[in-house]
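What follows is a set of structures to go through.
There are two complexes below, and they share subunit A, which is joined by subunit B in the first and by subunit C in the second.
And now, the complex of A and B:
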């Protein structure tokens, strides 16, 4: 009798676990599809993005949003925490970005609108999101950007020269209410490579506990600047994997990379709003 | 990688010493901050032996700031490494501290 009851209870746990596993896998598929949707096709420029969660699902985020004025709005973000809770807030962040991108003039306004939309929810959950947002204007080579607590991108010339871009800082989304995010601008040249990333890359650790660090990342980017955006992303992933020597990935790894082509022409948009 | 958090109440001060890695796997060691009683008017957080802090760890530092705001207490960050300072600067922790508590 006891054995039969135990067996039924055990079966119930197995069924529950399978249901949970199936739902987590579905969540992974949803997140992967949202993150790895169709990339914008630029006439001359080369753009890519990839996200590798440390667990089944993660809290990192990147997105592209072509604007009616010919600019491409790009965003990369990192939600505090990991796993399912972070993934849920990542979806919330995505919604806020897509809504804000449509109704705001520049990346600074986008971050301001996102913070206004997300602040109360994030504060009540004691969470936050760091976000870097930029507008790429292919026709002029202008790259406008704004920052909410995120690391700045790395820019490398085709000559492998590292470019220091003007620093800009702002409080992470969910940190303080009513924030106004400022913008900076740089002008990119043909062959320039710009790399946006989350801290999972530079904080990856090897068996000795040493971190990968920004210096290694910059070295890899400089050595491979002649490659395409996708190829450079692959090299970075390989470099981090080689460095960590099989140590389990502790944090989500996300990167967006763009290489400026010869002519500056329009975006062939994939989901540009009709306004 | 472990975290040891030593907390000691001396009069109206709560001294918190962080040793090791303050990240997703260890951050629960900081939950006691939410239970800080009335009467504490100063939090002293010592980072001298902090080896690493991630975004979840920063979340727990923000909890200290918000608790201090609730108690109208001061917060002092002591013995921060340049790396930790730079991270707090980038993310906006010092801005939040200034905004909530009126402190640099």
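And now, the complex of A and C:
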């Protein structure tokens, strides 16, 4: 009698685990599809993005949103924490970005609208999101950007020269209410490569506990600037993998990269996504 | 793994952390540290032995400070290493927690 009850209880746990595993895998598929949706096709420029979660699903986020004025709005973000809780907030962040992108003039306004939309929820959940948002204007080479507590991108000229871009700070989303996010602007030239990333890259550790750090990342980007955006992303992933010597990935790794083409370009073959 | 030690002087408690302040510290902070601090009117969090704080650790720290402040405890964060403070500044932690929190 006891043995039969124990067996039934054990069977129930196995079924629950299988259900949980199935649901997590479905969540992984959903997140992967949302992150790896259709990329904008630029006439001349080369753009790419990739996200590798540390666990089955992650809290990093990147997205592209073509605007009616010919600009392309780009965003990269890192939700505090890891795994399922972070993934849930990442979906919330995505919705806030897509809603804000449609109704705001520039990246600064987008971050302000996102913070206004998310602040109460994030505060009540004791969570935060760092976000870097930019508008790429292919017709002029202008790159407008704003920052909510995220790392600034790395810009490398085709000559492998590192470009120091104007620093800009802003409180991470969920940090303080009613924030106004400032904007900066740089002008990119033909062959320039711009790399947006989350801290999972530079904070990756090897067996000795040493971190990959920004210096190694810059070196890799400078050495491979002649390659395509996708190729450079692959080289970065390979470099981090080689450095970590098989140590399990601790944090989500996400990057968005763009290489400026020869002539002025138009964004085509891509409709503004539905929210 | 994050470790901690405490020193007490009347109603002032100093908690000195040792190790990385990351997601692995969640249970220690939520289950051990947070309940322990509510008995004191002044708490100093000493980070001199913390070489790294990731985004999860940052969230834990902010949550810890805010929960203590809501119970009228005066909180100070002391001896933050330069490399850690650079990350705090990027995230504008002094603005979020108040400039006076860092000593």
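Criterion: the second predicted complex is superposed on the first by the 271 of 275 C-alpha atoms of A that agree within 3 Å, B and C clash if a C-alpha of one lies under 4 Å from a C-alpha of the other, contacts with A are read in each partner's own complex, and residues count from 1 in each chain.
One rule holds for everything that comes next: a contact is a pair of C-beta atoms (placed from the backbone, for glycine too) under 8 Å apart; a residue touches a chain by one contact, two chains touch by 3 or more.
Since we're looking at a predicted model, the values are computed, not measured.
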item	value
Fit or clash - subunit C, subunit B, common subunit A	clash
Which superposed partner A:24 touches (first subunit B, second subunit C, both, neither)	neither
First (subunit B), second (subunit C), both or neither touched by A:163	neither
Touching partner for A:56 - first (subunit B), second (subunit C), both, neither	neither
Partner chain(s) touched by A:237 [first = subunit B, second = subunit C, both, neither]	neither
Intersection of the subunit A residues that touch subunit B with those that touch subunit C	78, 80-82, 126-128, 130, 149-151, 169-172, 175-176, 199, 203, 250-251
List of subunit A residues in touch with subunit B within their complex	78-82, 126-128, 130, 148-151, 169-172, 175-176, 199, 203, 209, 250-251
Residue numbers on subunit B that touch subunit A, as the complex places them	1, 23-24, 52, 54-56, 58-59, 62-63, 89-92, 95-96, 99
Complex contacts: residues of subunit A adjacent to subunit C	78, 80-82, 126-128, 130, 149-151, 169-172, 175-176, 199, 203, 211, 250-251
Residue ranges of subunit C touching subunit A (in the complex, touch as defined)	22-23, 52, 54-56, 58-59, 62-63, 66, 89-92, 95-96
